[in-house]
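Heads up, there are several structures right after this.
Common to both upcoming complexes is chain A, partnered first by chain B, then by chain C.
What follows is the complex of A and B.
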């Protein structure tokens, strides 16, 4: 009996420690929303001084960036760094022995963390949005479906894009850095630094055909109701096209890289 | 041990890290180029705001570049001196290697805080200062002697404040074990320092000044350099740095007491 009690004490303590560990992680996830929100704050400071800019007022920016903060959490992918580590440490060799392509290991790991986000963080954030005045996303079921599709598509684009960059790890140790630079350029074209509608027309045209808008601007524009159906279909089409393009690039690099990897490893 | 002995130790530590880092010179060049890229990124992203307006909360584009430059400098100094050390703490505790540090005849807080230096990050502070200089030059403004002295006082205080803040967060590893991501927590909070606190309103501005002293990191030093800061704020910064340092050291000792090594 005494032993059982002691065991219980340890088990409960262990459970509590795990809980606190997760609690810390939840806080960190929430904090990482700050980044896009800082951008929002700047725009609010501008609007409070200059009035509306290009027809965007205070509540427009709030709705846009709160949506952007949420979408960014779901679409971002860190697969490049996972590939880099697997290849650099040689862990890839063990993954190659398994019947499943190594892609699936990294993919499921990242999808898992997104599901964690969905079950824990999303309810909190949605609650906050519901409580906060001024933000109301009025979505018809069809638009909601389009938005969800755009988020999933955006995640797939950034997953495949970061995987394609991860393949560069076969030849260089700088693939993570390179992806960082690419992502940095993308910040201008994704709708992160400013809603794309506020950019000059020529930049909007470039942004439209680049992959970055899929990972942020497109889902958010659908969410805040700034896009008509033609625009939604065009955006989703471009998303699908980039998914295909990055899949092809990734598979081509993978086939060449794995041959190179064998040669170095053997 | 005397202060001189500690300085001598620092010298040995830094030489040692530098030597092992020099083996990765390509990665060093790549790091500096990456820093340059993000500096240009920051300057351009700020430019986007000024497509729509002349001043934001009383700051012009050039003045804002001073703040951005300072952000890179301070964040770079953090990565140079703080991050390589304090982020290892949770590993020391998990692996039990903290035991070795505790048995050394020297202050454990010193060793845990200053053993390593992130040489590969030395580009950031230098590039940040270069942007700051460029911004002042574009304005055609030369700060006076008192401005510079105030500026240096504020920068030094800010570094101590950052250190204390970081140490307090990392010390929680004694209870929370796995807080490796805490680094990104600190990083996200500091991100607010990219812009002057005047951009923020109400309680956020208050929190960024008092609770998370982001204002002391970039806004106040920038204002000092531009000759717009009342001197008493520098006194507050010094006081705050002293108090936070004592608090963090006390917290570290409390944390140590609750640590039971792998061997005990």
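What follows is the complex of A and C.
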């Protein structure tokens, strides 16, 4: 365990140095930050035409989607494409040679990017939020802790989910596209297209038990104070369940896939 | 025994595709697969501390064998054992004792100086600080790495990168080295630098080395024993000199004549391989080389005479064409 932590520290550090090497990355991230805000603009247009939607007014949507933009940055994972690349090009071989599971290499790289975000992009964004009128997240320390836990849990769900899809690369070169498709469906159920509270009850029920809400809706709902403690615990429980499920799927696929691996190139 | 391989076999399933859009569309629905026997029932054993050269044309199965031994590929049949471990289980303790260097591939962080990769490897392999410093110092001295350590990897030349690559692969002091084309694409100087390093290092640390190379010079300089593999099958396993003797029981007599002479007079000396202008190459049985040379000097108008072994490349290609010559 101590060795693993040492390896993590140095791998994350290497990832961070690489990110600082590519400063233009900051700009790309700031731009990708905008995506959830596009949905916000859509909803604001609706509100200004039709008035409140199911009790949600202008400031509710602003608070929700600004929160979503931040959460989205921290929870998204591109591990599928990373696995696909590693397997397709045979670069996975180098990871397989090391006495550290390849998962940790990809995991630390993505964690590194989140830390980079934390040190560079987040301060800018928080500054903007502070300047912008009408956004007001009042969180008790306990709620803040729950929100942080939900963000970390959401990241883990999306990391493990995208890793499970990445395993398909052992059989197909389309795993990235498949994940994209899955993720597209997920956009409806995560709280990205619309806050889940605005959906019909039956759809809310489906969204509740699917993994996507963990990656966006849950942390944001905690952040804007729309969830009671029972709801928070239920959400965190479902998040933990999906982490377990995707870990199992990923490991099963890994064990079968690695026999298939043909270490191409060289 | 360091490496033990019995009936090791690996098949690949390759997907066949004719060129063109129409076949691409057909392929969407129906794929045709073909089975390629990359490694076909090979067996050998290597002692700890031996340096063995692995020879064979492209696609012969050298790299596939190396990858199976390094645990990257699962064998289709047969078994391999290295240092008492089954490679494809990839146990941590096993991976800590081996290394695989792939000449064309790059394990170093591309955008960072090589030293960053070394530090990460230290952490991954759990190398104690003191041992790390000592090993690094040794490698820096042997490979002349000092000026390269802090340069971004992508700014290094191929030869420089290969040196760093080797250092990164040896920091954990592996007992078995699998080297796949470590000198590929390097210029002559860089090739010989890498070669000298491998020789020094393997002697000093008495590590087991299994090395493939296209450059015969690598193999002749480093390995006394060679394995020749073709089409997935082991064609020869044994001493390099013995292979030369058995496959090429002749030497080459190269003559430069003072004036042209009749080819029949040359044929009396041995089998004429080449006769162009005043240059002649004649195959002469090994045991009578000196006698034939003396006869030639006495009877023919000769300006210059040399006796050479046939090039190893040629011998190897003869092994491939003749078939099995097991030692």
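As a convention for this text, the second predicted complex is superposed on the first by the 238 of 266 C-alpha atoms of A that agree within 3 Å, B and C clash if a C-alpha of one lies under 4 Å from a C-alpha of the other, contacts with A are read in each partner's own complex, and residues count from 1 in each chain.
Operating definition for what follows: contacts are C-beta pairs under 8 Å (C-beta built on N, C-alpha and C of every residue); 3 or more make two chains touch, one makes a residue touch a chain.
Just so you know, these numbers come straight off a predicted model, no measurement behind them.
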Partner chain(s) touched by A:54 [first = chain B, second = chain C, both, neither]: first
Which superposed partner A:6 touches (first chain B, second chain C, both, neither): second
Which of chain B and chain C A:100 touches, first, second, both or neither: second
Contacts of A:261 with chain B and chain C, given as first, second, both or neither: second
First, second, both or neither for A:206, with chain B first and chain C second: neither
When both partners are placed on the shared chain, which of chain B and chain C touches more of chain A: B
Chain B versus chain C as contact partner of A:174, first or second or both or neither: first
First (chain B), second (chain C), both or neither touched by A:38: first
Residues of chain A at both interfaces, chain B in one complex, chain C in the other: 17, 21
Contacting residues of chain A [partner chain B, same complex]: 17, 20-21, 24-25, 27-28, 31-32, 34-35, 38, 41-46, 48-50, 53-54, 173-174, 177, 180-181, 184, 187-188, 193-194, 198-200
Chain A-facing residues of chain C, complex: 12, 63, 67, 70-74, 90, 92-93, 95-96, 98-100, 102-105, 107, 109, 111-112, 116-117, 119-126, 180-181
Chain A to chain C touching residues, read off their complex: 3, 6-7, 9-11, 14, 17-18, 21-22, 90-91, 93-94, 96-100, 258-259, 261-263, 265-266
Touching residues (chain side chain B, partner chain A) in the complex: 26-27, 30-31, 34, 37-38, 41, 44-45, 48-49, 51-53, 55-57, 172, 175-179, 181-182, 184-185, 188-189, 191-192, 194-195, 198-201, 204
